[in-house]
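All chains are identified by letter, namely A, B, C and D, in their written order; residue positions are counted from 1 within each chain.
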Amino acid sequence: MLAVVRDLFRHHLEFATGAILVGIVVAMALLSLVSPYPPEVAWVVPPDLPPLAAYPMGTTSRGQDTFWQLTFAIRNTLLFGLAVALLSRLIALLVGLLAGYLGGPVDRALMSINDTFVVVPLFPILVLFYFVMRDSMSWAALALVMACLGWAYDARLIRSIAMSLRSREFTETAIFSGMTTREIVTREHLPYVLPIVFSTTLNNMNWSIGLEVTLSVLGFTSISTPTIGVMIYWANQHTALVAGIWWWIAFPVALVVMLFIGLFLLAVALNEFIDPRSRLTRMGGGAA
Amino acid sequence: MAGYGSYLLKRLGQFLLVVVVGISLTFLVTHLTPIDPVEQTIAVAAAFGSTSPEAIDMLRRSLKELYGTEGSLLEQYLRFWARVAVGDFGPSLSAFPTPVSELIGRALPWTVGLLVPATLISWLLGNLLGGLAGYWRESRSLRFAGVVAMGLHPIPYYIVAFVLLVLFGYVWPVLPLSGGHRMNLEPGFTLAFLSSVLEHSILPALSLILVGVGGWFMGMRALVSNVVNEDYVVYAELAGVDERRILTAYVMRNAIVPQVTGLAMSLGAIFNGAIITEQVFGYPGIGKLLIDGVHAGDYSLVLGVATVSIVAVATAVLIIDLLYPLLDPRVKVG
Amino acid sequence: MSPPLLEVDAVSRTFVQGGLLAGRRIRAVDGVSFTLANDRPEIFSVIGESGSGKSTLARMILALLPPSEGVIRFEGRPFSALRRRRDRLAFMARVQPIFQNPFAAFNPLKRVDRYLFATARTFTGATDRETAARQVDEALRRVGLSLAEVGGRYPHELSGGQLQRVAIARALIPGPRLIVADEPVSMVDASLRMAIVNLFKMLRDELRVSIVYITHDLATAYYISDRVIVMRRGRVVESGPARTVLDAPTHPYAIELKKAVLSVDAGPAALDAALAAQEEEPSIAR
Amino acid sequence: MNAAATFGEAPRPAAAAPVVEIRGLRAWYRTRRFGIVRDVRAVDGVDLEIAPGEIYGLAGESSCGKSTLVKTVAGAVRPPLEVLEGTVRFRFRGGPIELYGGRPVDLRAVRWKHLSYVMQGSMSVLNPVRRVERSFVDFAFRHIGEPLPVFRRIVEEHLARLHLEPAVLRAYPHQLSGGMRQRVTIALATVCRPDLVIADEPTTALDVVVQKRVLAMIREAQRAIGSSLLFVTHDLTVHAALCDRLGVMYAGRLVEEGPTRAVLREPLHPYTRHLVASLPRIGDPSPRDGLAGAPPSLAAPPPGCRFHPRCPLAREFCRTSVPPLVPVGGGRRVACFVAAPETVP
């Protein structure tokens, strides 16, 4: 496995940049474990100090150290994004594999429902969801709803792979070799399904974190737990920009942008690297 | 023309499904929550205290009827549809007694006016640049354009809009930062009003375009780099057909076909972007209306905008789907 | 008298093409019947061009595709009885497929011996790796290869001819009574083709395996078949002993088919009459 | 091309100077991917000539390099394919042209006017989203040099020669059957009456009945316009019916060449002899056998004569030195120490 990663770094600029960016973000998130200040408490440091030695990222108007506050914010945002992505993978895989393998009426029914979820604008529905839940809106509830609405695009990708696998002749050779359906799906087909699941997970994280930031900035999530969006929300509430406390907004924005670009580059690079065709060429099996 | 008939039927079926599933989702969301939406709204309205008692009563009656909890879920659902089908969401709380449909009617043209041109520009620009970058792989400038587009694409609309706001607000204040047009102008088809509208829509449109272009760029570049190896392109090159003609009539013309479906599929996401961009720039579309409605606790307005958004996006998708056969004869002529 | 090895009884298969509403029903296979005897192994060829339904028929005989009408019985048991996995395994132990494209019949990302050992484990009950390896090696030797030569290799590391031999070896492991070969040599180079075609003869003569041989190549069919049927648009237009049918076909389509076959001994005159034949061109679909 | 020339027998330069001469051609696929360098020596020293008005058949099995040779002659050399050595010289009515000789040559003026091409995957060579007539306008209009109505008439006349009705021009490719699409491609490749048409396995994907008709039409069109035809296929029965001269390729090199009937009647090279002997014939059930071993990998070809590992007549010197392709009378050439003993080192 190490050789693969080394190989990836050497030959793949996107992977390298992506990995470094995401690495920095994850490091920041881990630092939250050693933060001297608990996340929710305010007025622990003198407010509105610009970035200087003692406070590398300055302090906020609510008397919090921007740096340590940011570590909590990025950790929560990452966890939220991961939760939504993993949850939606389950639904995407279920719908995609079922539609792909069963085909016929099941496929047509699932796909028309699927296309509906792709087309329907989700933001207004999420806003409506917040409006109705108001203060009893929890991060878990939001993650669940977003996962239930955000699987459609990837389900179609998974379906097309499942459909092609079902009709490939080596599936029939496997059947006639006495392999059980479970064995065929896990051993023969999974290496073809995994790349898509992996790269769509990264893309889905981008989607869910983007939505979280947008909702939180408007105050439409439970703004007590610090996330990137919530941090920007409080900065706006205290009109940080007008008051010239630019660092309260600049650092969260910069960090989350790094995360978006990093995840995106990782997805692009991984998708190309794990894609069976390019794996074949690396095994020296390219067309003579 | 049998092919087109069955295609038309299928797309209409899909349109209806989107509307029904979408609106049912809004119904579901409002009814599955533990709190009774009507009482909850009344509580919020009272908190704002800006409305008279009989307004509250009227609102309670309208809300009770629209999403009342009496009767079985099915009865509520049917009553809900009866009202929604005619676009009657009852009076708006924050702008009492004007009906919600009127508020939406005033705001919708602004959103359409912003979204349609911005989406088309980013779609055309992204496909053009992506197509060129896919065909001339070595060119430095196209590769650079690609990096910029790819860099911007993953960033959510809110942050790009916010950065533009800061940029044009503090660094180079040459464009209006918010609103739909200069306050003292009389709305009408006068030159002054129209130019002011245009001026105010530059930043929101720019924000939508910057984020959108990257997606189309990468999609088209990937499609073109596949189409370039297709037999009919290699054959045209072997026939010494003029390179510009091959690029347009053979490569781009075939690669663009899936991008049309792509446009239809991503309208929902673009619409989300428009809502937040309108909010950042204070642009008077239904996006801003939705968010102001939430802040004002105006339940029927929020529900109305959510429902109209779904129908609007579904209609746009249907229009694009109906245009698709013009590009791909294999569908139209069966 | 024990039941025949294979009975195909008035079998048809229709597909719905096109969307839900404007679907057109196409009869890919239309009322095909034939029987393979149990006591006398034979090579039974199904000859036809693309769209004749020969591959659909092959998939139905392999119980991969249920017929729309008619019944197929293997050793007296109708396919409808193949519900439980135990029944399907029993069927597969006696009927095995050979596919057209060897490179598609093997998972390019997995080593070829995966299928060999899986077949041995499932059908011969070989519990430990040694007995399985011995059985695999024995099957490979029968097709002129060996486990040492092929073990641990990926499909792209072998030639088309070698890979098709591995496919045949895999099919031999359970000791089948019937092999259904769907155009097994059409993707193999002409110079290697005969080696594999002769293999099928060996299977019939030494291992007493019957073979349903699907092909569009009349010359190969003539060379190896005992009996043939000629199919056109899903129907059997002519059937009988290979030599009599192919030496002197009676049905007009079979005659035209034979006339169209070019021979390496013939000269340019072969093409002279080609344009005279009646033009049978589908009009442009409106 | 003067407009007055009717479609009777076309005026051809009298001298039998070859239309195309290939001298010592060496073209390899050089790939570097994820740090793995791989050289596939697809064409490794080929000498070949095609006379005006001649149908030259090129035979050989998969990975023998015949498609690569065709790509180099058609000037379709793109990475990872590189021409290392040798030249391809054309003698067209528009004047001689030399590829890969040194200065790059702009083939655009020559393409389709003097040199045209019928591709293997001819089911998908027509632009799927445009009507068939667009392809004729794009490919041939600038060469025919007639106003559009006259051009359309010439095309319709030419289509008739391939038994295609004018309505085909208004159709989209997906509306035509496989056989019809193939004939449209042939019409497209011959409408400008080029000096040389290259056909790479054009009928392989067709059913036997359709294939025979299409081959007859190819020959009829070739005779009418008098162009030379380089016809590539692995199927010797097609060469027997169509080609005047036949060249057999093995592992990147020509191993035998000569008048088709002679080469197929008494093949000199052991590989050709085996190829002909291994073909089953209707009416002759006598046993035939396949060739031992497998075709050599062009990434690491065997030393000396590349056929020696599978050759029943292989001698010691066959393993060490490469047999040259030498004339052996009767317009025939062979590259084998046994068939041409005078070449033994």
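As a working rule, contacts are C-beta pairs under 8 Å (C-beta built on N, C-alpha and C of every residue); 3 or more make two chains touch, one makes a residue touch a chain.
These figures come from a predicted structure and were not determined experimentally.
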Comparison of A-C and C-D (more C-beta pairs in contact): C-D
Central chain (distance from its CA mean to the mean of all protein CA atoms): A
Chain C-chain D separation of Cα centroids, rounded to whole Å: 33
Chain A and chain D, separation of their C-alpha mean positions in angstrom: 53
Gap in Å, rounded to a whole number, between the CA centres of chain C and chain A: 49
Mean-CA-position distance for chain C and chain B (Å): 55
Two or more partner chains touched - positions in chain D: 175
Shared-contact residues (touching 2 or more other chains) in chain C: 20, 285
In the complex, chain A residues that touch chain B: 112-113, 115-125, 127-134, 136, 145, 153, 206, 209-211, 213-214, 217-218, 220, 241, 253, 256-257, 260-261, 263-264
Chain A-facing residues of chain C, complex: 20, 62, 64, 85, 89, 92, 96-97, 99, 101, 104-110, 115, 118-119, 121-123, 154, 156-157, 167, 170-171
Interfacial residue positions of chain A with respect to chain C in the complex: 108, 168-170, 172-180, 187-188, 191-192, 276, 279-280, 283-285
Residue numbers on chain D that touch chain C, as the complex places them: 61-62, 163, 167-168, 171, 175-177, 179-180, 207-209, 211-213, 215-217, 219-220, 234-238, 240-242, 261, 264, 271, 274-276, 278-283, 285, 287-291, 294-295
Chain B to chain A touching residues, read off their complex: 13-14, 17-18, 21-22, 25-26, 29-30, 33-35, 37, 40, 44, 150-151, 153-159, 162-163, 166, 170, 264-265, 267-269, 271-272, 275-276, 279, 290-291, 294, 299, 302-303, 305-306, 309-310, 313-314, 317
